[in-house]
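Following: one structure in structure tokens, then a few remarks.
In this document, chain identifiers A, B, C, D, E, F, G and H correspond to the written order of the chains, with residue numbering beginning at 1 in each.
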Amino acid sequence: MNKKFEIEINQDWCKACYICVKICPKQVFTISEKESFRGFKEVIPSYEDNCIGCLQCENMCPDFAIEVREIDHAVEKS
Amino acid sequence: MDKMEIRFAGTGGQGIILLGVLAAEAATIAGNYATQGSYYGAQVRGGITSADVVLGKEWIPFPYVEKSDLLVTLTSESLDHYVNQAKPGSIIIVDENIIILEDQDELQKNFNLVRVPLTHKCFERFNSNFFLNIVTFGFVVRYLKDFFTEEHAIQALKNNVPERLFDEELAALRIGLNL
Amino acid sequence: MPWKRVKSPIKPGRYFVQGDEAVADGAFCAGMRFYAGYPITPASEIITRVLDRFEESGEGVYFQGEDEIASIAACIGASWTGVKAMTATSGPGFDLMIENLGYAIFTETPLVIVDVQRAGPSTGQAARPSQADYHQARYGTHGDYEIIVLSPWSCQELFEFGIKAFNLSERYRVPVIILTDEAVGHLREPIIIPEEIDIFDREHDPDSPPFSFDERDATPMPLIGDGKALLITGSTHTEYGKRITQDAEVHRRLVKHLIGKIQNNISDIFETQEEFIEESEIVIASYGISARSAYEAVKRLRSKGIKAGFFRLKVLWPFWDRYVREALSGVKKIFVPEMNAGHLAKELERVLNADIVPITELGTEVIKPEVIVKIVEENI
Amino acid sequence: MKTYMDWIRTDFFPTAFCPGCGHGIILRAIVKALDELNLEQEKVVFVSGIGCSGWIPSPYIKTDSIHTTHGRAIAFATGVKLAKPEMTVIVVGGDGDLASIGGNHLIHAARRNIDITCIMADNNNYGMTGGQYSPTTPEGAKTTTSRKGHKEPPFDVARLVKAAGAKYVARYTVAHFPQLVNAIKKAITTPGFTFVQAISSCPTHFGRRNITADPYEYIEYFRKNSVNIKNFIPEEHAGKITIGEF
Amino acid sequence: MPWKRVKSPIKPGRYFVQGDEAVADGAFCAGMRFYAGYPITPASEIITRVLDRFEESGEGVYFQGEDEIASIAACIGASWTGVKAMTATSGPGFDLMIENLGYAIFTETPLVIVDVQRAGPSTGQAARPSQADYHQARYGTHGDYEIIVLSPWSCQELFEFGIKAFNLSERYRVPVIILTDEAVGHLREPIIIPEEIDIFDREHDPDSPPFSFDERDATPMPLIGDGKALLITGSTHTEYGKRITQDAEVHRRLVKHLIGKIQNNISDIFETQEEFIEESEIVIASYGISARSAYEAVKRLRSKGIKAGFFRLKVLWPFWDRYVREALSGVKKIFVPEMNAGHLAKELERVLNADIVPITELGTEVIKPEVIVKIVEENI
Amino acid sequence: MKTYMDWIRTDFFPTAFCPGCGHGIILRAIVKALDELNLEQEKVVFVSGIGCSGWIPSPYIKTDSIHTTHGRAIAFATGVKLAKPEMTVIVVGGDGDLASIGGNHLIHAARRNIDITCIMADNNNYGMTGGQYSPTTPEGAKTTTSRKGHKEPPFDVARLVKAAGAKYVARYTVAHFPQLVNAIKKAITTPGFTFVQAISSCPTHFGRRNITADPYEYIEYFRKNSVNIKNFIPEEHAGKITIGEF
Amino acid sequence: MDKMEIRFAGTGGQGIILLGVLAAEAATIAGNYATQGSYYGAQVRGGITSADVVLGKEWIPFPYVEKSDLLVTLTSESLDHYVNQAKPGSIIIVDENIIILEDQDELQKNFNLVRVPLTHKCFERFNSNFFLNIVTFGFVVRYLKDFFTEEHAIQALKNNVPERLFDEELAALRIGLNL
Amino acid sequence: MNKKFEIEINQDWCKACYICVKICPKQVFTISEKESFRGFKEVIPSYEDNCIGCLQCENMCPDFAIEVREIDHAVEKS
């Protein structure tokens, strides 16, 4: 069974360093076109489905702005 | 005008200090007196940054802005923070795309509020806001004609940016000048 | 003659610079060719400018110490070889220099320290100004002595005091502190670098004993490498540097020399700026950044018809009791704006019978002229 | 939320670090280690000095923390540990803080074998004051005080601390996240003085002048330019960062 | 209640001891159970006595730092765990403690420092007394603050001030300096250790914020290990230790608290000894070892029919302007013998209109009573 | 008179050292080395700190000398050397002076490879202040501040300085007079930072409490209890003083 | 006598301070007030060492000798140095084998000069001058009877010497007492 | 030919530590019975003739109080 992951980005904490974008082996992330209120172009987990849960993005994010969670199928089923 | 008090404000990383330095240095080159003092120095990141510039025909004792003749703000927090230190009826320049937290009508009534698409123009040309401060400087020059000319502004720019970037910086300046 | 007029080693002209840069330029013009320091906000910009000047000229040695203790120690060692040495720091770093500052005082080593004050105690607000280290500069290290402390109020004066500090230091063989603050150090203003600079180089005399008991003046200085087997020590010593750890009289004479060489030449050292004092019943007395607010306040008060005088100390220490007493003898009330709890006010209270009104700022905002104007108006 | 987030003061976020600063990764490595060790938050105290590095625990880690003076964290920590031995005492500092001004406290704590763990967030320069060289700045590197290339040899701090008597010593870069977490865990659980040198990125200063201003490329640089000491061959690996346990 | 009366942990009785030993005993009786220090003449004997007490009782931790910086740092760290911590030093070592002294002040850390003054500046005469560090104790570290400085004149008082210093330090969360000197520190005299000791233990409150802006008083102290995730910092901070590096108002309020908690309780802190003041036109004012000479001089003058009064500061800082002004209001002339260039004399000049006659000793000999008698006789 | 006496300020004799103090032997070793190297007296400067050790050059050696503050001699010397590189700069200090309070300057000078020679007169305690323990006091030794036996491990200062980058490092006791002279000569002639640890006797304090108060027996003790590092076998030579070049 | 000023003087290593401590502590044990102050502390070797003792029935402010009632000198330098701080007619005790640099007749005229074979007796018994200070103390006790007895002296000795040496120290004391 | 040595002791500098006395392989030195003016029992090179010039006494004297000189026969002869 394929594991599924959901990715949450805390835009208030993100500083747009783009480590996550570049480090992701599955190119899960894209960068928004326009700037946010805080003056950053936001990171968007556009291809969440491709995520393999390697956690590189989460671990390497210096700003604790990404959380990768395995979707709990058990719970879904119940 | 014999003396003009100008405050540039924004957030860390926007190059606010350089903005102030450019204005003051241009006036100096033109033979005038100028001070640039910043309440926020090295050890700071984030938060509000401001640069005070006072231009004069002769030496000025108090080198900071008491009440600004010209307030230039690039973020809404800094506008919010400094608006009450602007002289009634004085000029306030704000970037078009910032959200004004104050009551905008009040602002417009009490001040000469100028909204300019600085960020927009900057992105348009550079696809980044890296040169936002220079674009802003270019725009502001028109208000400081009593103290220096565009040539002085260009000279000041030359003195303060790395040579290899000068062409781009100049382009940014011109965008502002022509806005 | 140790006094000489030299061509400025920096291209003369009008420049728009930061205070920290101006003091580095002044020191370089005075002949400073050894700089040892440790980075600290808001004094780090001094290092960068010193490096500019050293690299441009191909002259000068930069040493980044492992801390401030090592930095001032290296300056003292270098100074004894004849080079003009400087360090710069701020509160926490100055705290660490205090032990070796005492060594420099006791061994009568020429040396300039720029102390760019920031808000304390402790780390405080590193990038915000303060004038609270007024008494620390005078009394920081243990024992009795005199020291010279200059207080510039502008970038131009930072440049000039960079020169003056070395001249006094070389003349009186004493560490000189340029006590400025974040506000002036980070302020940018035009300065003028003149064509020629008057500098005083220490009287170097290989045959002179290194120390002295002369209560009236400093003594010429032999140097390391002169071949005279110098004995230099921070213990109590004779003229020849012989350690004397018990004799009360030798200690007494040595301390009298340290005090006397400054106090007996105070008219050559002490400097003020005074305006409208004669005609005024009230005076605003200040120094450094606060004096700029005071000056503006005096202008405004006078334009309102209030006869206010202006008194500024350019030299904080030695404090010339007699001069200040005479200069301000006719004044009834003195307002003293300072960015601290009232340090100069205390000295004025001591020497004057006038009413002293401290205008203190315990926070980190440069005092606004209007604040002074208001307090003056309320108090007359 | 991950359980290690219990160790984080989220109300102080976003952090004051520059975008892409490696110190944030070290912060995560520390709290992950603490969490995995199942330590009690009440029994852990952090002590740090002045520098960007000093901000890693203070205020971001939700335990007692003492943000001390520049270079003196270890000396303060020694007092805490001697007076209250039941606390787990962890010092976090920078290369300037711990190896320059604070070098003496570092080697003496190692000699005395005081039971504290010291983590050095080493970004090869003084980040906070604007990028001056530090005792770990490599020869030739450009900093604001070595504009033409640094002329002094650097310390191998890990080896120095080992020679001074430390009981566990490891060095990893922020690119070696799992190893770093592991080293911190080992350091905390090993009795006596233990030391982890965490090579960090400073895109704003050191990176921009010497490696890259791009936070990701910086990490890639670390990954490509590190070699485990066990595999280190001087001729082959000259100039590489040696990592591993010492 | 934080005040409590405890049985002396040292066997009560009359002992013949050295001053350095007496202060160690006093501190031990006050509950000092952490000592960190670095040996230095003339304070090293304190360490030995502390070790005696720790070893006898099986209580207490001794840490010999690699230097004075480490020693005071360890004391501060220890104090935040709730233990009463002390260090002792002399001039050169005190110089090195100055940075962290500022940290202790700003973080409101209870702590006692014994400073046994020796002759400076620098290494000077290590085994000879001096009182020249009067102002260093007050102004040594940068920034604005208040600090408490006690000046004992006898071994008995060294014992008692060992207790008093901790009581004040715990009460006001401020470092307290016992500023003695080689003469008193190495003097041997009988002391009496009483049956019971009154001690004040800090108000420990785990739920209190660690800091405060209260201008009137100190705030209770939570401790490391309370489980409240304390933030302690030497940067400007809120009550909860949040670093605030820009806001002028927070800094202002914090410094006001540091000053206010002392100044507004000055009547609880300040202490003098006064004799014959009412009936006297002249007074001899002094402190520490010089006050013993002064006291003897007063006795002799009175036996010659000269109405001399005696005024002694037991607490040098905070200096209570108003009290001193009132206490000495009727006095025309005040003689001030000190083993320095005239430090207390300066403070008296500041607050009084009386004629101040400094009797200075720049050497290292305790002033003889006859010297004082002679100067008084010549000047009245 | 021996030619090396030209390097001595005889007018300051007898010295202020206690009878039988090893520092006098180190003094002789230094001037003998200088004499044999045929250095010019005008071109040599000594820098020392506070301690009995600090008195070895100041005032007894007839060259320029700076008697500085406790622990800071190396930092002063660095200034002298950088400002006047033609001088031969030699630092003499004690184990307290150089390894305790001054430890940071020591390792940093070694790292920077400043061209000075540093001689540590190591008597395993603070002689001048009355015999407190120092960073080279062996575990178990009795001093005025470790009356029941010292509880901290000592530094191996020679190894530490080597690890910090020193270019020549040697250790001998005063009982190894010719070797000591030789090591000092090598240290002075080797470019860069060089270090000689000269184990000295302090009959008044350390000796009396731990070895012997008799100056001769003290020297005999050194002779019998030293082993050259080249021949050092841990099991066999535990507790011995390792001497030689590092 | 209500107050007595005593100065012991000699050279470093002679245990002069201990001598002073013994006298003062004995007086303390006897319930009197006593101070012992030394102008010369730890960091000294060689040169003159002195210990001032002031004994009194009650507290004494100035704890040093201004003019001595009793001066005890074990070296000629120290005699030379302190003789002019002795009260006219006061007692001066000198070791028999020291060379008196002053005019001896003058001395004898102005003071009560007592020459005692302290070193001699000490060597006689111990073949060393290690206990010279204790012998001296023993001899001096007779002059201090107003403030303490022999028993107090013995108690003071006990408080101040290592237990293992006490028997020899006591023997030395007795030599002095019986001289 | 047997070398001859003369030994000079500077009694003003000697502190009577007796290292020389005990270290000399030839027992050249003796200690005086009576104390000197400075309070020391002096060292006397009583058996100078036995000296082999090993210099141990000179080198180990912490007070520079001994000098061992080879007697220059050449000079004597001339």
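Convention: contacts are C-beta pairs under 8 Å (C-beta built on N, C-alpha and C of every residue); 3 or more make two chains touch, one makes a residue touch a chain.
Note that the structure is predicted; figures quoted are calculated from it, not measured.
Enquirer: Does E-F or A-D have more contacting C-beta pairs?
Expert: A-D
Enquirer: Among the chains here, which has the CA centroid at the largest distance from chain B's centroid?
Expert: Taking each chain's C-alpha mean as its centre, the farthest from chain B is H.
Enquirer: In angstrom, rounded to a whole number, how far apart do the mean CA points of chain C and chain F lie?
Expert: Centre-to-centre distance between chain C and chain F: 39 Å.
Enquirer: From the C-alpha centre of chain F to that of chain H, how far is it in Å?
Expert: Result: the chain centres lie 27 Å from each other.
Enquirer: Can you compute the centre-to-centre distance for chain A and chain B, using the mean CA position of each chain? Integer Å is fine.
Expert: One centre to the other, that is 37 Å.
Enquirer: Provide the list of chain H residues touching at least two other chains, using ranges where the numbers run on.
Expert: Residues of chain H never touch two or more of the other chains.
Enquirer: In chain B, what residues contact two or more other chains?
Expert: 39-40, 42-44, in rising order.
Enquirer: Among the residues of chain D, pick out those that touch two or more other chains and give their numbers.
Expert: Residues 14, 17-18, 69, 100-101, 103-104, 108, 128-130, 135 of chain D each touch two or more of the other chains.
Enquirer: Using the touch definition up top, name the residues of chain E that touch chain G in the complex.
Expert: It is residues 14, 16, 41-42, 44, 126-128, 182-183, 186-190, 292-293, 295-296, 299, 365-366, 368-370 of chain E that touch chain G.
Enquirer: Which part of chain E faces chain D closely enough to touch in the complex?
Expert: It is residues 34, 36, 61, 63, 65-67, 69-71, 73-83, 85, 99-100, 103, 224-235, 241-243 of chain E that touch chain D.
Enquirer: Enumerate the contact residues on chain F facing chain H in the complex.
Expert: 1-2, 5, 8, 13-15, 17-25, 27-28, 174, 177, 203, 215-217, 219
Enquirer: What does chain E use to touch chain C in their complex?
Expert: Touch residues, chain E against chain C: 91-92, 94-96, 98-99, 102-103, 105-107, 117, 119-128, 130, 132-133, 135-136, 138-145, 233-236, 244-246, 248-249, 251-253, 255-256, 258-259, 340-341, 346, 349-351, 353, 361-365.
Enquirer: Taking the complex as given, what residues does chain B use to touch chain C?
Expert: So the residues of chain B in touch with chain C come to 21, 24-25, 28-29, 33-44, 61-64, 66, 159.
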